[in-house]
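The structures come next, written out as structure tokens.
Next, two complexes with subunit A in common: one pairs it with subunit B, the other with subunit C.
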Partner chain A sequence: MFYRLSGTYHTSYAADRKLWKIPTDRWLVIALLVLALLAPLYVSPLYLGSYVLPWVIWSAAALSLTLLMGLAGQLHFGFAAVMAIGAYASIHLVRAGVPFELSLLLSGLISAVIGAVFGGAALRVKGLYLVMATLAMQYLVDWVVVNVPAISGGAHATLRTPAVSFLFLPVESLAARYWLALAWAVLLTVFFMNVKRTSFGRALVAIRDKDFAAAVIGVDPFKTKLMAFFTSSFMGGVTGAILAFCFYRAVTPEQFGFNVSIQLVAMVLVGGLGSVIGSWLGAGFVLLAPIFLTNLVSSLAASGWVPVSQNFLSHLPLMIYGAMIIGFLLLEPLGLAKIYDNIRKYFLVWPFRHARS
Partner chain B sequence: MQHDPAMMAQARALHPNWRDEDTILARLAQNAAEVPNQVALRERDHGIWQEYTWADYLRAVVEFAAGLEARGVKPGDVVMVIGDNRPNLYFAMLGAACLRAIPSPAYADAPTEELAAQMEREDIRVAVAEDQEQVDKMLEARGRWQHLSLVIYDDPRGLAGREPPGVAGFDAIRAEGAARLKAEPGLAQALIQRSTIHDIVVLMHSSGTTGAPKGIPLKHGHVLSGVRNAAAAGYFQAGEVHMAYLPMAWVGDFIFSVGAAMELRFTVNIPEASETALHDLREMAPTLYFASPRAWSAMLTRVQVGIAETTGIKRRLYDYFMPRAMAAERARLDGKPVGGGLTRFLGEWLIYGPIRDQLGLARVKRAYTAGEAIGEDVFLWFRAIGLNLRQFYGQTENCALAVAQKPEDISLTTVGRPFPGVEMKIDEGGEILLRGDNIFDGYFQNPKASAEALQDGWLHTGDAGQIEPDGQLVVLGRVSEVVEKRDGTRFIATYIENRLKFSPYIKDAAVIGQGRDMLVAIVCIDFQAVGQWAQEHGVPYTSYAELSQASRIYDLISGEIAAVNAHLPHGLSIDRFVNLHKEFDPDDGEVTRTRKLKRNVIDDRYGPIIEALNAGAGQIDFKARITYENGQTGSLDRVLRLSDVKGAG
Partner chain C sequence: MAYFIELLISGALTGLMYSLVALGFVLIYKSAGVPNLAQGALVMTAGYAVWMVMAWGLNVWIAIPIAAAIMFGFGLVVERLLLRRMVGQPVIMVVMLTLGLEILLRGLVPGVLGSTPKPIDLGIDFAPIIIGDVFINRTALYGGIVALALVGASLLFFRTRLGTKLRAVSDDHVSSWAVGISVERAIGISWGLAGIAAVVAGALWGSSQGVDWTLSALLFPAVAVVILGGVDSVPGVLVGGILVGVLGTVIPGYLDSIAGGSTRDVVTSLIILLTIMVRPFGIFGREDIERI
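After this line comes the complex of A and B, so read on.
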């Protein structure tokens, strides 16, 4: 119905490997990008600051994690710790007088190095054992951040981010912070889509599918796994810094706790492992669905439609939310990305059931 | 140069309007000079489209011509070209034409004996073959016709470096030509200018429904006149995107892919293989599309099968909008006002547009069909989805461009009016006669047949027809096909067969009744459509033969024939029929390569069945003759059911 495929032909293999070959997809991407860029103009500051901005940043975080979990198949249950390293490192670097742009890169590198060291465990263990190793990282980093006053300023201290500017533009107003976060998220998105098509991306997939089989065809598991942890942690670290400077603006250790790691894993799983659009949809779902449900349930309760006790009412949104996650995963184990893909294919072959009938 | 002055004077007298230097090759050179970087030809190769500009095209043609000349090809030599559509084969045809030699395309699936017979008749010394398979056929044919001295192949796979004697690669010939061109400046120019408009540019063949095929030489002037007449009437426009998917040996392909392409600067697109033609069609989305009624019908069947198995909402939308569009189109053809603006708009967005897109016809501005009658449902359906499908009428002898429907006189029964520059009349015997510059000047080395076909400049088409009061032509069938039943009822079997074939379930049919008391039909079911029907209705089958003999399939076909009977005049209804255990196959000689019935073969081979049908038997043990791929024959015993048609009598 919406898609028109005729007249799409290629005169070179490079053109045949374009990201968006179908004009309709191309227009959709352009329209979404324009909508996202102009969001500060038509979205009220309240919604921009508390819904859209965190969605963009958490999408970037989910993208970073899905590179590791979806592409390389390495489970990571301590990704909030990686982001914490990035956040604290960037604040201290800026305070030490390093320019913001450079400190973003450096904080990413620090996260990457520490993340890769813990990821070294992946060279020896797999599956649940790797989950244990990454959980250890989560608790170790948490403990260090809390107990080293030089980092956190104390167990209950809040570390304010200093005022910074990015490429001479002050990152102060909500719109400026939003655009910086959006730029980073778009950069990660483009990077992710392209990394899938490189030899590195294919090596990651080979490792995910069977690491010793990958070794047989000449992919070095040692190098590739370390690279996966390094790359993913770099992306996560910078995202942590962006989260600190663009959204929280004052960081405490609790913002990067174990439950945040679990939430990130949920985003990646609900969205669909290793999928770009899944990261965006998953982050949006995990972040916004509880808020939306709470608002819905409370407004229903206010109008007397849900005659339940106040105590139960506060749990009801969480119950629905949990049921929705289970429902989505039962309906489509490959996540929201697969649901989107199904819908897209439904319209791609319209009015037939499948292609080439 | 080597032109014989006496013959030239004779040729000029025949076509006083033609200018000597106005050739297809001159048009090619002009395109290469004026728009050298515009894409002239695309071929899909391993999934991507390889492009050839006009400059590439000219260079390839001239280099090949120079190479061919160095190998001893002389004016008047016939050069066989065989294979599926390939750029190099088009280059080869025009390269031969540069030398005033005569390119003669042959059907890629023609068996060796036919080819050898043609070589013998036309004294063919050089052949250009697509690939190893065709080269093998040529080498085999050389066993019968030793004078075949040079076989040039296009696809090097399995051949390069291991050529048998007398076989050379297209690229090798081109390289020799390129070296000659470098050594002799001015040769390129001379090669283009050597031929005149009175030279034969291609040698086509009649389908050979009766006896050996006749050679039909077409000159530069015939092709150009035909194309210009068509362009003048708006049937083609400059710069069309065209798919070259029909066999090169069919006159239409030469007219569209070479003649019109040169004159009107088409972009000609060649699909990867015949199996991918429909897919490639969608990728390229041409602006001009020609298909036989059979192909349109197959396309419709494909859509109907797709809709039958699609999901609920989609099917309901189709079932809502399609009948409305058909009804609107029927009303439009009847000249009644058509309303339903909103339905049309929604339907266009939900159903018609997407289907056109799925079929690859989204950009088609001019869609044509010709060759035989098209089914009402098929014709209406394609017009209903917004395709301006029109019929035309033509034959190889008149470059296939003689009569066509204008946008304003669309009709199912007529084929339209003559092109500007073409005169038409019906003689006393009811035969259609045509005259014009696009009519050929006589068969190849066959004065007797030429004298029969061309009388006083009028081409006797052999088709029976009549002209409606508004000047539109109705084609009834072949004059030679009018036959009588024993009681003297006159009928044209093809006419009835075509109406039977409009059913999606009937792929082929032969109607037999000459000199008999009743009309009987031999039916070949359409495996795809009937198979789908069988699946939906729980009829088990394992093979074509088994499916064809299922009793419920007999009921289905019987109903279809009864529906056709209802529209036939009294005395012309089909009384009995048989579902054949196989399809008619050109390899078995039952149909020609263009799928026209060979009645004598059918009468001969299926004589026992026809007798049994007439005798009223319920079934028959039939000894079926089988031709294997390697040419051996065997036989197989089959029991075939014979059935009455519902309500016939």
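After this line comes the complex of A and C, so read on.
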């Protein structure tokens, strides 16, 4: 009834290869895109700057990571370090006089090369050992960033981002920063949806499912894994630069610590591995749910409904965050993407019960 | 030279105390094949448990066994409620579940019991032992001795009837079922034992630096220890611990003043990276052969 089509019926290969197989999906996405583009007009600057903007940027980061973890099946627990490389590289490039547009690309390339080197070092191993190796990479990059004054400007320094313009538009007002971040996130989304349909995307999936079997059918595991690390680190590096220029605007090493890596993995898992919509939903959920729940409890505590101490309140976001990860893994391992899928399937044939799929 | 020897000894003793934390990791990995990244938080929880029992007014030597009983039960509960439902899931799910538990404990325990550092007084003199020019920290010395004893005890434990069952389970779950061993119970017991190991580690580390959330950061050196020693090897914990402790103390002892501090994390990271690149299964670990 809502979708005007009870199931997906294709009569040609071209219809089956379409990105949006049901017209309603396409209209839904276009409507969402228009809403997102017009957000600066109807969302108050406070909410836009502190909730919507980080959500968009972290969605881009989650998309970059889910290319590696969801499609290629390579675990990465040091992705914040990749983003840190991108952020610091872009700031130093802009300071050295490179145009912003070019320095975004170059910072992506620098993170891609460093990320691929670390990834290549870890390619002999998989699973738990890959987790540990990328974790070690996180600590190494952190240490280098903190202890090389040429990068961070000193141990406890914050590095302000210089004023820049993107394609002759100054990236200064909140709306401009939001639109730049949105453009990058949308670009990544379109890329991700299409990469699944290319030979590269299929090679990644083959590697994820079983690398020996992929090698047998002619997919070079080493090359494909390296390409996965390279692509994903490139996307992560540019996202880091966008994060620095559009959101933080003053960068410290703590903004890219180990906890941020964990948060990114949590976004990818809560959203659903390898899913586009899951990356958006997961980033929003992991970022915003602890904030909203903590605000709720603290307002309840302020009104005297629940007696909790200040110490408990300050630890509450951590508790909610941990409980959220555990809850999702136990109750819905496929994440928010699966929940969305269930709802969509229900409404696809509503008011009837069963889809002919 | 005395400086070097002092670094060497204190490094070895610190390393032995790391191996106390790592022991719990190995106990669980060996039987269940689960990488328990919540072991640091488990040590923190155990430290809080010891402090809490002592706050009831009990002597520390009574408090530690009570805390051990509490943590044994806690380990059983964690295994029953969380990890058992993860059997057969990919490793990323298990890793993330234990990390979620780590985050939850790091928020919940200090949030409920207070986040200011809690003292645990084991009755150890703070004055160092002085041999020649070399100062030795008493807490670290006793901690090292306890670590040696505990690892020895676990080696002996694996020769008992129950330990043999645990070894069988670590070899193969299905054939253990076939000969009538309750695999679930064995894995639960290994979690309980990891809880007891966490109590010993929590009490010793808590007495040397106070009990607060920073105890959970012991996870990182402990991970280096188990990677270096081999994730499924109990003697590897000792050797790995001493190596990580010595390298992580001697190198920063000379480099920190040049490189600007906290080179210990770099050394630990490099140990992890190099081990994984050269010999991923560690010094004593068993190389797992993958079948398609």
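The rule is simple: the second predicted complex is superposed on the first by the 328 of 357 C-alpha atoms of A that agree within 3 Å, B and C clash if a C-alpha of one lies under 4 Å from a C-alpha of the other, contacts with A are read in each partner's own complex, and residues count from 1 in each chain.
Following the convention adopted for this analysis, a residue touches a chain if its C-beta (ideal position, glycine included) is under 8 Å from a C-beta of that chain, and two chains touch if they have at least 3 such contacts.
From a predicted model like this one, the values you see are computed outputs, not experimental measurements.
Asker: One more residue to check, A:215. First (subunit B), second (subunit C), both or neither?
Answerer: neither
Asker: Considering only the touch criterion stated at the top, classify A:350 as touching first (subunit B), second (subunit C), both, or neither.
Answerer: first
Asker: With the two structures laid over each other on chain A, which partner does A:36 touch: subunit B (first), subunit C (second), both, or neither?
Answerer: After superposition on chain A, A:36 lies in contact with neither partner.
Asker: Based on the superposed arrangement, let me know which partner A:11 touches: subunit B (first), subunit C (second), both, or neither?
Answerer: first
Asker: With both complexes superposed on chain A, which partner does A:117 reach: first (subunit B), second (subunit C), both or neither?
Answerer: So A:117 meets neither subunit B nor subunit C here.
Asker: Per the overlay, which chain contacts more subunit A residues, subunit B or subunit C?
Answerer: Counting contacted residues of subunit A, the larger count belongs to C.
Asker: Can A:128 be said to touch subunit B (first), subunit C (second), both, or neither?
Answerer: A:128 contacts subunit C only, not subunit B.
Asker: Considering only touches as defined above, state whether A:187 meets subunit B (first), subunit C (second), both or neither.
Answerer: neither
Asker: Name, in rising order, each residue of subunit A that touches subunit C in their complex.
Answerer: 69, 75, 121-122, 124-125, 127-129, 131-133, 135-137, 139-140, 142-143, 146-147, 155, 210, 212-213, 262, 265-266, 269, 273, 311-312, 314-326, 329-330, 333
Asker: Which subunit C residues qualify as touching subunit A in the complex?
Answerer: Counting only subunit C, the residues touching subunit A are 35, 82, 85-86, 89, 91-93, 95-97, 99-108, 110-112, 114-115, 220, 223, 227, 231, 259-263, 265-266, 268-270, 272-273, 276-277, 280, 290, 292.
Asker: If we count contacts the way the header does, which residues on subunit B are in touch with subunit A in the complex?
Answerer: These residues of subunit B touch subunit A: 42, 47-51, 279, 282-285, 302-303, 305-307, 309-311, 314-315, 317-318, 349-351, 353-358, 360-363.
Asker: Touching residues of subunit A toward subunit B in the complex: what are they?
Answerer: Contact set of subunit A toward subunit B: 1, 3-13, 15-16, 349-353, 356-357.
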